[in-house]
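Listed next: structures, encoded as structure tokens.
Each of the next two complexes has subunit A plus one other chain: subunit B in the first, subunit C in the second.
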Partner chain A sequence: MGPYLAIVSARFRMLLQYRAAALAGLWTQVFFGFVLIMVYEAFYRSTDAAPPLPFPQLASYVWLGQALLATLPWNADPEIRAMVRSGAVAYELCRPIDLYALWYARALAWRTAPTLLRALPMTFFSMLVLPWLGLPEWRLAPPTALAGLGFAVTLAAALALSCAITTLIHITLMWTVSGEGIVMLLTALVSLSSGLLIPLPLFPRAVYELLTWLPLAGVADLPYRVYSGGVPPGEIGLVLARQLGWTLALVALGRWLIGRGIRRLVVQGG
Partner chain B sequence: MPQIVVEDLVKAYRIAERQPGLWGALRGLARRRHRTVRALDGVSFSIEAGELVGYIGPNGAGKSTTVKTLAGIIVPDGGRCEVRGRVPWKQRLAHVAELGVVFGQRTQLWWDLPVIESFELLRDIYRVPEARYAAARDELIEALELGALLDVPVRQLSLGQRMRCDLAAALLHAPPILFLDEPTIGLDAVSKLAVRDFVRRLCRERGVTVLLTTHDMDDIEALCTRVMVIGAGKILSDGPLAELRARVTRERWLTVDLDDGVGWIDEPEAPVIRRDGNRVCLAFDPQRLPPAELIRRVTSRHAIRDLFVENPPIELIIARLYAAQAQRASGTDADTTAGADGGEDAERASGAGSTGEPGAPP
Partner chain C sequence: MNGVRLYLRYAGVSIRSQLQYRASLIMQSVGVFLVTGVEVLAVWALFSRFGQVRGWTLPETALFYGMISIAWALTDALGRGLEVFGAMVKDGELDRLLLRPRGTVLQLLGHELTIRRVGRLAQGCLVLAYALSSPTIAWSAPKVLLVPVAIAGAICTFLGLLVLQATSAFWTTEALEVWNAFTYGGITMGQYPLPIYRSWFRGLFLYVIPLGGVIYLPGVAILGRPDPLGTPALVQWLAPLAGPAFLALSLVAWRVGLRHYRSTGS
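Entry: the complex of A and B
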């Protein structure tokens, strides 16, 4: 097994142990899903204008966002933060492997393992339990076959992009050490411009156009709208191209930065 | 051919200074004052294959900076450094593949994984072929007695157990060079002996080149034939332990257990440096007063139960070396007294020099 795959697999197995965290996340995200949908329903009822995002699509959008929250690049891996703080990052630099690829592999495991624990029960709840509770219009509607396939591909690309951004966050820790400020800034930025809080189609037209071209749309908004059919199947290729283009650009930026980071790194402590 | 060559290595850090108190913190927001500290100030040495070299110095003297430079982790500001013909920070990946490191205060094992899984992960990271890995693993498990620990998650290991596992982890890829940074810190006596014994054998039987940084002088006495002493970014002394002793002081100590009721020992050439009940310790210079002569004088004048001659502890030797250095530095150039972690450590070092010398002859 190659070193990077081995790291992904080890981290993955380790993260799967955190059942309590998964349960807590599940509860929080079901709650947030309900709040968002209720707020939007109130808005939708209070207007006669045709909404830019039909309500069933909006419900699916909200549930996908909650189920896949852990894939979004809005925070920094506490393990890497601790490593930079304590100076244990020295060991990472003593390995005969590419530090960027190593941290990207870590990010990949960290973004996928908790998602796996949460997304399945969330999907089960929002797709099957909600109609049974008498709330069929609030549910996560199953996709068409073509949209489902498109979603699988664009979600994979979203993950690749999200890990590139996550790794970039980790690299900035080499400069700021604590990372508190960056994370606070990011949480606000990501929840707004990825569509997590307000689906991007509900923004004013010009803002929406701008946001869909920025990288964060690729980690949530675009794949979610591929899922619900808001992005027609013919445009899936374009979505994918945007996601991969940003991924490549951000990986290149990350590699350049990490090279500079290593050169100026002062490993903390004796 | 030497394995490690270091010539005139220089590294300076810029440290943001903060004034104390709230007003100082607020002023720091507007304007930061920086201070440059030379952690390495022209360090040179070379180490041959199979040598076990002790590297000592007070906190902030530049030890860790040297080791991190040799490991390719930090880039120096000037000077030359080659390890097995490679410049560590330029050919980092090829360099670290031949390097084992143990930083005693941190672990390289994965905290939540059982020990054996960390080993397997390291095998994959270093791309060690399975057969070679299995052989190295079994040998290390036997030598360090790790059999019972392999399935335990690292967070549940005691410090001594963890250190043995860390040593094994650093050697799975059979590196010809090993850097040990305080490998016995916090260990109990039994674990310390086990670690020392293992390192000694590693060096003797496998010809591994070991650079050992430590504050534990017993480590040095037990293991190292050669000691390098660094203070304020400069190498103060480099050579066999005996030579270091001879350079700093020729003094030896005679400890005498007196019979009850015997009073003070008065030897003009061998002043009393310590007295504890019936036990009296005299310091003397064996070239002016041979030990046999001193013992003859003492036994002829006093009733004694027991006596023995010893070298002053290595700590004292080192402390005197630093004190002499600090004195020289303050006399010539005040800027060079600060070490990497600032003036506080330099003060601590010279402080240790003065307080650690109860036995200094008048």
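Entry: the complex of A and C
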């Protein structure tokens, strides 16, 4: 366990150096949150029928999405990309530790450090500052105790799942080298099926049912709705089972692929 | 050699170099098309659930959506040099530009003409074609002309924003992500009719950064419906001029910034 912990903590310390960038990103995301909420607000006020996601839950959904953006598996770590491209990946193979676990630990550090930096001030702003600015209907409402506990657990599972997908992306780099094409396709897929683009319950019923069973719903949509009470506390166990089931399946797939990848890996450069 | 010819030569070089990686270029263009196409799908899903947004229908909204998509796709392709300007200040690359007897903005625009943006352009054109084929629009020759004029106005506004973003690097030596709020936030904002937003937000995109005005106001004139904001027809037809005015002002700021420039050395 030691070496993996060391990798996680080293990456953490490195990423935490970029505080000004995090602040700039915070402002951009707050602004984006405003635009999104205003658009949804306009749609919600255009109908008398009750939408499947009540407006306060929708506002929480938007803010959680902005706060936790960095946890979504929509891109590849530029460091690993550079490694595969330059041939430095050979050094990774020399290390006397399991490559899959190593890359998984890297992904975990890369996804959590920026999130911590962004999520705390975002939560502070959207929960406490917004009502003070006179926009209480737009705020991130605090969860009930039970929902909050459920959110903590499902968010941890979401992170585990997201890192399994991220590691899978990194493994595909062994085949494609540049990886630009795959990453772009992934961005489209992730934004559509995780709930980042529009909350999944707003899709037509059949599409929504299908999307909640796919792995990406477990990365964002399901935990966000556990938070706001949209998923009743009794169903949290089911959400967790879906998330962990997908995580195990994707880790197994990743392990199998990485074994094949190493056997045919051509180290670039000289 | 005059500015236009020099720019064309820059663009030619850039295109030829990108064509060296043809397979990658095609994949990336298709990728951009899919990513932005998924966004269209989301808007469609919202309209299929809610029917309309504050009295605006999907074909009407598609007009704004298509115009701003096209405008941003072209700006993003043209303005790549302005987007990477922060890095140029940081590593002193700008000094090389200053040594050449040509305008810096021209050289920055010539940095790259990014072809893969054609994916977003294609998406925007498809959405616009859908909007323009709506039978409710009463066409006339001036209206046909107003579509490209409005897009040009939006391109000028976007370029102005990129110039301001680059200008801020003179003081901070770092590309500032804060401007992305206005460019990317502005794209999302401009995809929907302006009256659906709150008044402080409308004011920001009408009077400070005229991105809302240059797309929405001519759009209302093309659709031929009364404007809920109550603007007279003359204002709607003249609104695209706010784009070049904004660009001109941002170029003044650029001049001031350039005089403040001090190389990072090395």
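The rule is simple: the second predicted complex is superposed on the first by the 269 of 270 C-alpha atoms of A that agree within 3 Å, B and C clash if a C-alpha of one lies under 4 Å from a C-alpha of the other, contacts with A are read in each partner's own complex, and residues count from 1 in each chain.
Here is the rule we go by: contacts are C-beta pairs under 8 Å (C-beta built on N, C-alpha and C of every residue); 3 or more make two chains touch, one makes a residue touch a chain.
This one's a predicted model, so the numbers in the text were calculated from it and none came from an experiment.
*Asks:* Once the shared chain is lined up, is A:Ala24 touching subunit B (first), subunit C (second), both, or neither of them?
*Replies:* second
*Asks:* With both complexes superposed on chain A, which partner does A:Ile7 reach: first (subunit B), second (subunit C), both or neither?
*Replies:* first
*Asks:* Who does A:Ile97 touch here: subunit B (first), subunit C (second), both, or neither?
*Replies:* first
*Asks:* Based on the superposed arrangement, let me know which partner A:Phe32 touches: subunit B (first), subunit C (second), both, or neither?
*Replies:* Only subunit C is touched by A:Phe32; subunit B is not.
*Asks:* Given the touch rule stated above, what does A:Pro204 touch, subunit B (first), subunit C (second), both, or neither?
*Replies:* A:Pro204: touches subunit C, not subunit B.
*Asks:* Spot which of subunit B and subunit C makes contact with more residues of subunit A, would you?
*Replies:* Of subunit B and subunit C, C contacts more residues of subunit A.
*Asks:* Report, in rising order, the residues of subunit A that make contact with subunit B in one complex and with subunit C in the other.
*Replies:* Touching subunit B in the first complex and subunit C in the second, no residue of subunit A appears in both lists.
*Asks:* Name, in rising order, each residue of subunit B that touches subunit A in their complex.
*Replies:* 13, 59, 63-64, 68, 71-75, 89, 92-94, 96-97, 99, 101, 103, 105-108, 110, 112-113, 117, 120-121, 124-127, 181-182, 341
*Asks:* Can you tell me which positions in subunit C touch subunit A when the two form their complex?
*Replies:* Those in contact with subunit A are residues 24, 27-28, 30-32, 34-35, 37-39, 41-42, 45-46, 48-55, 174, 176-178, 180-182, 184-185, 188-189, 192, 196-198, 201.
*Asks:* Please name which positions on subunit A make contact with subunit B in the complex.
*Replies:* Contact set of subunit A toward subunit B: 1-3, 5-7, 10, 14, 17, 86-88, 90-91, 93-98, 263, 265-267, 269-270.
*Asks:* Can you list the residues on subunit A that touch subunit C in the complex?
*Replies:* 20-21, 24-25, 27-28, 30-32, 34-36, 38-39, 42-47, 51, 178, 180-181, 184-185, 187-188, 191-192, 197-198, 202-204, 207
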